[in-house]
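Two complexes come next, and they have one chain in common, subunit A, joined by subunit B in the first and subunit C in the second.
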Partner chain A sequence: MNNIKIKSKNLNVYYGDKQALFDVNLDLNEKEVTALIGPSGCGKSTFIRCINRMNDVIDICKVTGNIEMDGMNINDKDLDVVSLRERVGMVFQKPNPFPKSIYDNISYGPKIHGKGETKSELDQIVENSLKKSALWEEVKDRLDEPGTSLSGGQQQRLCIARAISVNPEVILMDEPCSALDPIATAKIEELIDELKKTYTIVIVTHSMAQAVRVSQKTGFFHLGKLIEVGNTEKIFKNPDNKMTQDYITGRFG
Partner chain B sequence: MNIVLIFLITIFSVSLFFYGRSKTKSISIEKNIRLNALPKFYGYYLVLWCSIPALVFLLVWSLFEPVIIKSIIIETAANQGAIFNDKNEANLIYEKIKAIHLGTYFGDIDSILKESALAYAKFINLFTNSKVVLIFGIIIASVIYSLKKIKNNNKARDDVEVILKGLLFVSSLIAILTTLGIIFSLLFESIKFFSVINIFDYLFGTNWSPQRAFVRDASSITVAELEELKDAFGFIPLIAGTSFIAFIAMLVAVPIGLFSGIYMAEYASIKVRRISKPIIEILAGIPTVVYGFFAALTVGPFFRQVGENFGLTVSSESALAAGLIMGIMIIPYVSSLSDDVINSVPQSLRDGSYAVGATKSETIKQVVIPAALPGIIGSVLLAVSRAIGETMIVVMAAGLAANLTINPLESTTTITTQIVMILVGDQEFDSPKTQSAFALGLTLFIATLILNYIAQRAVKKYREKYD
Partner chain C sequence: MSNEHTVKSYEEELQFLKDSLIKMGSLTESQLGDAMDAVIKVDKDSIDKIIKSDEEINKFRSKIDTQIMNLLVKRAPMAIDLRETISSLKISQDLERIGDLSKSNAKKVKPLPLDLPDELLGNLKRLGELVMKQLNDVLDSYVNKNFDKAKEVWKKDEQVDDLTYIAMESVIDFLSKDKKNLDFSTHLIFATKNLERAGDHITNIAETVCYLVKGEYLKGSRPKGKVIQE
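So, the complex of A and B:
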């Protein structure tokens, strides 16, 4: 069993008057893939957006309760959000490369944080990130082409490379394969398997099969509540909760 | 008369609409057949057939009637023994005859005029009567034709579609033809101008003093006079003044407009935005003449005062005052458009940037602005062409003297201002001075056209890069 990297205690999230998360207590293990499943609108994405404070972007969003990373309170008002996000990267549902070259897409983060002082250091970071995201071989000869010229699957791997480029500890993935075809999905899943050696990964997914394939631990959300969490194998073979059972067998959701 | 006719056509059309609708309805019930279109389309069909041919005929008739009557009357007057040497005198006689007919002529009436006036009355009567008869004939013919069509249960919906398509096409044709008309009138007058003044003297001359060309008609200019005029129409000071004032205006408008656009789009809360955006847009709604006297009476003297305190000579009409006020006037063009463009940059790009730990201003500078750049360039170029075309502020605040200067504290002038100056007051239309206004207009038009072309190319290039 790995160490606990992120720990949430009685986490509540409100969008205006509407409560989106109810007392979520969830621990995420270091260098492991945790999958979050559940029907649409159940709060999976809201939960992972608490980990890198992306909910700050939404004016009406309010977060209460406790969420810690390595004992540091993420929800602290005085926390430097920028350095938190440097440590917790994120990959979104739809590939969102910047309207810049492939190279600039990746060097963007390191430049902002002052990593890679010289051009050669930066080149190294770009190359490493692309290699880790298994994109290097495909794009090494056209780094100055716009990131938007890549295919959907390549774009998503570019976004993963962008997240890796600042050398985070945690990578959050919000349905990273929902806009991709099966072949691209398979590549991303392979990649996740590889990345978990270095990073703690949380992945939100609508595909049970994907959760089974990539994750060690699975949490099932329903209507803003964490219904059940446990080893992936156990959740899918022998869940404690009737609702989990119904969901994974496709009886609702 | 025409108004009565149009009124009648309208009434016919409206009643035909109801007739056509109920008729087809009853036919479909009676014979128990399925109509090819909804009953109202048969109504529309009748309306279009009843009104369009008659209205088109009326329009064409009204265009040609005066011309034909005029030529007939002038000919009859000549037959009666009226003497006129050229077109102008013929026109004069025609106007006299018309005035007699209307009872507004108070000069001496000789027998020739009297006879011609009677003839005029006769022709007017004849033409009006035949117009009414013809229009009713056309209405009856087209209504009979269309009624026959709808009895056969034609595909009225498709036919209405075709007629409407034709109407829309004609509308766009009118817009295009008007543009062409303007261009050609500019072109022909300019050609007249350039037949007197060498085009190179115009394009590269550095002295603009058109008042020197206040001479007789262009056709009878002597060689000596032409030599005199050669350097009176130098375009350089005007284009320099125009670019200079536009440049000052952009120095004011682009940063302020862009920054306020960014603030509105990215930082302002919904409440602030809802109040402040309309307030900024009011700036665009103030009449330019108000800006003009604000610049001339408040800002200009203020600059002069300040300049004096620093020991500088500031003209009370200065390029700086005009450019500054013009810049303020075009702020909303830049801010409002760039606000819209920035707003349309997808949130996912911002999220991507925040997620790697960028701050808001880093995100705006490095992701949002580059993504919005084509639109921002577009808005800036729109503002530039607005600045180049602006007249009133410059007339009032920057002066009329065509100084070739790059000192913003001196007075200068622009192309549009000179056009105004040339064309206000009484003009001889064949003097090179007046014609130079058309040449200036043409040059301005071409300059704006080139600017727009460059703008579109630039926007396209960035689009390709980012899409």
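So, the complex of A and C:
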């Protein structure tokens, strides 16, 4: 069993009067993939947005309880959110490259975080990030073309490359394949397998099969509560909770 | 929360699979009984009918195979549905093998003389009745998802082994009295052994039912009776 990278204890999230998460206790292991599943609106995205303080951008959002990364309190008011997001990258449902060149998409992050001082350092970061995201061979001769000129699957890998360019420790993926075709999905899944050797990954997915394929641990959320969490194989073959079973077998009313 | 699938046709497909397996089970049960009766009564007239019913069982097996393939492709079943699907595949294989053994027993009737002494067949009959009861119980445990009942069947295979040993001994005793008995006694020994093997397939089914219900395999080694140990 790997070390715990992120630990949440009695985590509650409120959007105004509406409570979105109820006392969530969930540990994410280092260099492992944790899949979060559950019906829409169950709180899985809200949970991952607590890990990089994305909820800060919503005025009415209030977070109570604990969430830690390597023992550091993520909710600490004095925490530098920019440096937190350098350590916790994020990939969204729809690929969202900047309206800039492929090269600039990757080099932007390292530049603002002061990570590539010289052109050759930046070149190296861009190449490494694109290689790690399995996109290098496809784009190495067209780095100055716009990121948006790539196919959907390539754009998503570009976004992954952009996330890893600042050398994060954790990557959050919010339904990263829902807008992709099966081949592009397969490439992302293959990539996740490779990336987990270096990064701690949390993936929100509506595809049960994808959760089984990519993750080692799975958590099932329902109405803001973490209903069951455990070894992925166990969850999908023989879950302990009836609600989990009803959800993954498609019996949810 | 409802127990039915949101997708009705999925629910129907799973039910259809279960129904097919239950039908295959009851066909296997009657064939085993008929084959047993044919041996005990040396009823040569029923041989063809038993062989024919084996074809029916084989057809069920391929029908169930197709249903399972379709379910896997279309539904990618999970949790209890996955266990249900995989268990059906395994159980249908064991039922088919039991069918083959019954057919083999029916074929053994042909060379048997009509005047076999009762004491020779008594133990074989008892063995047949026990195996029949085991098959009936295990199918019952499948239908009712009854873990305890399946486990009981699993344990009872020990008795099948012991009775096989006793039935074999009576055939060998008979054989040793007169070498003229050699030919048909060999057939009776094979028939006895076939019943014991049918018992093993029933034990497999019991294990599968336990897995189906609880999601865990039975722990510990299988119970072994006299025949296996010696």
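Here is the rule we use: the second predicted complex is superposed on the first by the 252 of 253 C-alpha atoms of A that agree within 3 Å, B and C clash if a C-alpha of one lies under 4 Å from a C-alpha of the other, contacts with A are read in each partner's own complex, and residues count from 1 in each chain.
The rule is short, and it goes like this: a contact is a pair of C-beta atoms (placed from the backbone, for glycine too) under 8 Å apart; a residue touches a chain by one contact, two chains touch by 3 or more.
Only a predicted model underlies this, so the values are computations on that prediction, with no experimental measurement involved.
Chemist: Taking the superposition on A as described, I'd like to know which of subunit B and subunit C A:T148 touches: first, second, both or neither.
Modeler: The answer is first: A:T148 touches subunit B but not subunit C.
Chemist: After superposition on the shared chain, which partner residues are touched by A:R251: those of subunit B (first), subunit C (second), both, or neither?
Modeler: second
Chemist: After superposing on the shared chain, does subunit C or subunit B touch more subunit A residues?
Modeler: Comparing subunit B with subunit C, the partner touching more subunit A residues is B.
Chemist: Which of the two partners, first being subunit B and second being subunit C, lies in contact with A:T198: first, second, both, or neither?
Modeler: neither
Chemist: May I ask you to decide whether A:P239 touches subunit B, subunit C, both, or neither, giving the answer as first, second, both or neither?
Modeler: second
Chemist: In the overlay, answer first, second, both or neither for which of subunit B and subunit C A:N128 touches.
Modeler: Neither partner.
Chemist: Please write out, lowest number first, the residues of subunit A touched by both subunit B and subunit C across the two complexes.
Modeler: Touching subunit B in the first complex and subunit C in the second, no residue of subunit A appears in both lists.
Chemist: Which stretch or stretches of subunit A touch subunit C in the complex?
Modeler: Contacts found on subunit A: 208-209, 236-239, 242-246, 248-253.
Chemist: For the complex, give me every residue of subunit B touching subunit A.
Modeler: Contacts found on subunit B: 269, 346, 348-359, 362, 366-367, 370-371, 465-467.
Chemist: Can you list the residues on subunit A that touch subunit B in the complex?
Modeler: Contacts found on subunit A: 52, 54, 57, 59, 82-86, 89-90, 92, 94, 96-100, 108-109, 112-113, 146, 148, 159, 162-163, 165-166.
Chemist: Show which residues of subunit C lie in contact with subunit A when the two form their complex.
Modeler: It is residues 1-7, 10, 75-83, 214-216 of subunit C that touch subunit A.
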